[in-house]
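Accompanying notes for the structure given below.
Letters are used for the chains, namely A, B and C, taken in the order the chains are written, and counting of residues starts over at 1 for each.
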Amino acid sequence: MAKRPSVYPYVWRLPLLIWQGLFFIGPLCLMVAMSFWLVRNYRMEPDFVFKNWDRMLSRGFFWDAYWVTFLRATLAATLASLLAFPASFALAFRTSETVRRWAIFFLIVPFFTSYLVRIYAWQVLLAGNGPLNAILGLVGLGPFTMLSTGFGAMVGYMTLVLPLVVILQTFSLAAIDRNLIEAARNLGANPRATLFQVIIPAAKVGLIIGFIFAFILTFGEFVSPFYLGGSNPPTLSILIVDTTKSGQQWPRAAVVAVIMIVTLFLAAFAAVAAAYRRRS
Amino acid sequence: MTASDPLVEFRSVKKSYGTFEAVKGLDLTIGRGEFVAIMGPSGCGKTTTLRMLAGLEAPTAGTIRIDGREMNDVAVHERDTPLVWQSLALFPFLNVKENVEFGLKMRGIGAQERSDRAMLWLDRMGLKGFETRPIDALSGGQRQRVALARSLVTEPEMLLLDEPLSALDAHLVIRMQGVLTKLQKELGITFVYVTHSQSEAFAMADRVVIMGQGEIAQIGKPQEIFRAPQNRFVAEFVGRNNILSGEVAGGAITIDGVTCPLPGAPDGAAEIVVAADRMTIHADDPGKGALPADFVSEEFAGTGIICYFEGPSGEELKAQVSEAQLAELAPEPGRRFWLSWAPEAAHSLTA
Amino acid sequence: MRPGPLLSWIYLAALFAFVFAPIVTSMVFSFNSDRFPTVPLGEFTLHWYETAFARAEVWTAFRNSLIVAVTAAALSTALGFATAYTDFRYGFRFKNAYLALALLPPTIPLVIMGLAMLAWLSRLGLSGTLPGIVIAHTVMGAPFAMAICRLRLQQMDPSLEAAAWNLGASPWRAMGAVVIPFCAPALISAYCLTAAVSFDEFIVAWFVSGLNKTVPVMILEILQGNVDPQINAIGTVVFLTSMTLVIVAQLLLLRKTAK
């Protein structure tokens, strides 16, 4: 383009900066600032004190919640990665392009159905006298207590992340150069060796991305642990909701939120480092 | 040589991207009604030159004039320099006729006139009956003609073409060359044609500009460039040339101990060029003025056969022969031949 | 021999059964007469739809959801398209930071987003209002719209826009005559998808909505009470609404990319 001052590029560039600055960065910064504020007589007052941080970090219940959340998210991400892999493998290597495309489509569908209604459906399905126990009863098993347990929460977590992990894994597996696999077979690698020596290393980035997405989503999840996991022990997100909704203690909730963001940031950073680490 | 009635003038035009100089001080005049081809290897600055002419890139220094008017601050859409793109850049969501009408529409021309003029050009390009076809239902050659019609419908004084034939099959290329040459003669407008293909440039252009590393290496008629390359870069780029270095003394050059006449050359070290089709192959040593050369291989090249030899100091030598000649020589790899050329076929390089 | 394809198909079927079990059950139970459903199923009934949609607040919630979704989707799509176009067309300093800003919102947990939005919007006097929810949903929807538009622009010949300028179109006219028509299918599907996202989002909406509840916020509050199959009825309607949007979006995307 001939050089001439023009507003044209800025009309496209600035809206995002303005909008996200005003309604994304702004709120997040306010939240961080708020964690140093004080609540007096049910009103927040701007301040710069570490009282909220002290209060939260010195309490056992906060750390219990932190580790429950962290371990559950790690478990959920691991479980989702393992459960998804055979399906992704089948979609990537055993099905036609058309089947794969439709499978991906049907895995995207759940994202646009009400997650809340799905969790409610699980609540009904897993109930003590619900359909699942009734079916198990027919073969002489149970009844099992599935609601308000870690198992219940895990079912919810899988409902949330499994489709996404399958999609991410399938894309990374399908992108592997077929010649690589054939070359490995040609050089005498058995299917098992091919899987562990060739396919998994080649799809490493996608597998790690699937894992970390599952971790991020379950770490911040509120509905599953609350309605299926019985909110006992509470997770960090339940803590935030309780503190904000009932206690009016926004600054303390902000402390929890900041710690969560820092944790997620570190986890994402570690994942990226692991994904792109040079193979020695 | 300069054009008598200049339409385009580049004066000391430079274009750099950061520290990389794509075009270094270009001076070029293009005449009205001229068919100029700008040719060179990829990265030589030929496309940048064309894009500057269209206003898609701004020169870092220097001026570009079109019809005497300085264009540096004229925006792309305010110029009348339609370009035929390498990718053709036809609008996929418009049909054939809507594509052709696009430029007229942008100039605010009414629907009826737009339609009439578009139809005229579609007819002229042999695309009658294709008006309402979507672009992706056309063949490569048809798309090419839609792109031409789209650029010419506004009746510009100049048409820019950026490697427009590079995506076509070989047989279509020849046909489109004919279409383009005829069109240019009929319209009498200036064509500036960028290509890396010699055959296209030499077949169509009145003048060829050879560019290398952001500079003009030579400008001239196709024949001049082919027969009298001015420097090693052009001689190598134009291809099928033998470049020989030797020592000139008293109107003769000595190459690898073999002396051949080179009338009028100043004494000292020199490089000469002999085109492959000017080389004569001898099965026996003709006595004087012939370089001994060992046969390496032959290559079928459409118009003849190129025989490759290794000279006395290991240099590659080429000679073009006909099929009949080849059969007569019946060369085998490693066999010794002698190559000679008429004194007037040799041409001294300046650099 | 490698494990037969049959095993693969069984595994895939099991996975899809798990993914679709809650969706299908909620639809089935919405027509089932039992308050506490189990197998065997009770009788077919429209009772839950009748009770749910006899309530004025359900209609209000649908109206709210619709207003929010329609507005937030329009803003998200506009914002997403502008950003995608900027990324496609221009290189500039701090572009990585710019893109991070554009794509970051979905990585922030919803409860945190809800808290931050609640605090910020209260200070602006917008918490508890529909514009407040629209603002939050636009922040969350814009990255999706950006991704969809960016993928479409990726398929555009970069010379296409320049060809329009070359034929006499100013940058603005080239945008209107070439870039937007080219991106039309992506814009429509981005609109549908962001509308669907907004229509289903409940955590942030729950934090900032106050008395102006959207449908999923209402479901959330019913859920906090007791098991109530009205949720299935409302959920099924919500599901069909979102699915219509998603399928329209998907068809548009598939039709265009298949070429």
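Basically, a residue touches a chain if its C-beta (ideal position, glycine included) is under 8 Å from a C-beta of that chain, and two chains touch if they have at least 3 such contacts.
Model, not experiment: these values are computed from the prediction.
**Student:** Have a look at A-C versus B-C and report the one with more C-beta pairs in contact.
**Tutor:** Higher C-beta contact count between the two pairs: A-C.
**Student:** Please indicate which chain is farthest from chain B, where distance is taken between mean Cα coordinates of the chains.
**Tutor:** Looking at centroid distances, A is the chain farthest away.
**Student:** Which one of the chains is closest to the middle, using the mean of its C-alpha atoms?
**Tutor:** C
**Student:** Distance from the CA centroid of chain A to that of chain B, rounded to the nearest Å?
**Tutor:** Computed from C-alpha means, the inter-chain centre distance equals 58 Å.
**Student:** Roughly how far is chain B from chain C, going centre to centre by Cα mean, in whole Å?
**Tutor:** 55
**Student:** Roughly how far is chain A from chain C, going centre to centre by Cα mean, in whole Å?
**Tutor:** Distance between chain centres: 17 Å.
**Student:** Find every residue in chain C that makes contact with two or more other chains and list them.
**Tutor:** Chain C, residues with two or more chain partners: 165, 171.
**Student:** Among all residues of chain A, which ones touch two or more of the remaining chains?
**Tutor:** Each of 1 in chain A touches at least two other chains.
**Student:** Enumerate the residues of chain B that touch no fewer than two other chains.
**Tutor:** Each of 56, 75-76 in chain B touches at least two other chains.
**Student:** Along chain B, where are the residues that touch chain C in the complex?
**Tutor:** 54, 56, 75-78, 80-83, 85-87, 89, 91-94, 102-103, 105-107, 136, 150-151, 154
**Student:** Residues of chain A touching chain C in their complex?
**Tutor:** Residues of chain A touching chain C: 1, 6, 8-9, 11-13, 15-17, 19-21, 23-28, 30-31, 34, 83-84, 86-87, 89-91, 94-95, 101, 103, 105-110, 112-125, 127, 129-131, 133-135, 158-159, 162-163, 166, 191, 216, 219-223, 227, 237, 240-241, 244, 250, 253-254, 257, 260-261, 264, 268.
**Student:** Spell out the part of chain C that touches chain A in their complex, as residue ranges.
**Tutor:** Against chain A, chain C makes touches at 2, 5, 8-9, 11-12, 15-16, 18-23, 25-26, 29, 36-39, 75, 78-79, 82-83, 85-86, 89-90, 92, 98, 101-102, 104-105, 107-121, 123, 135-136, 138-139, 142, 165, 171-172, 193, 196-197, 200, 202-203, 207, 216, 219-220, 223, 227, 231-232, 234-236, 238-239, 242-243, 245-246, 250, 254.
**Student:** Applying the document's contact rule, which stretches of chain C touch chain B when the two form their complex?
**Tutor:** Per the touch definition, chain C meets chain B at residues 157, 159-160, 162-171, 173-174, 177-178, 181-182, 184, 259.
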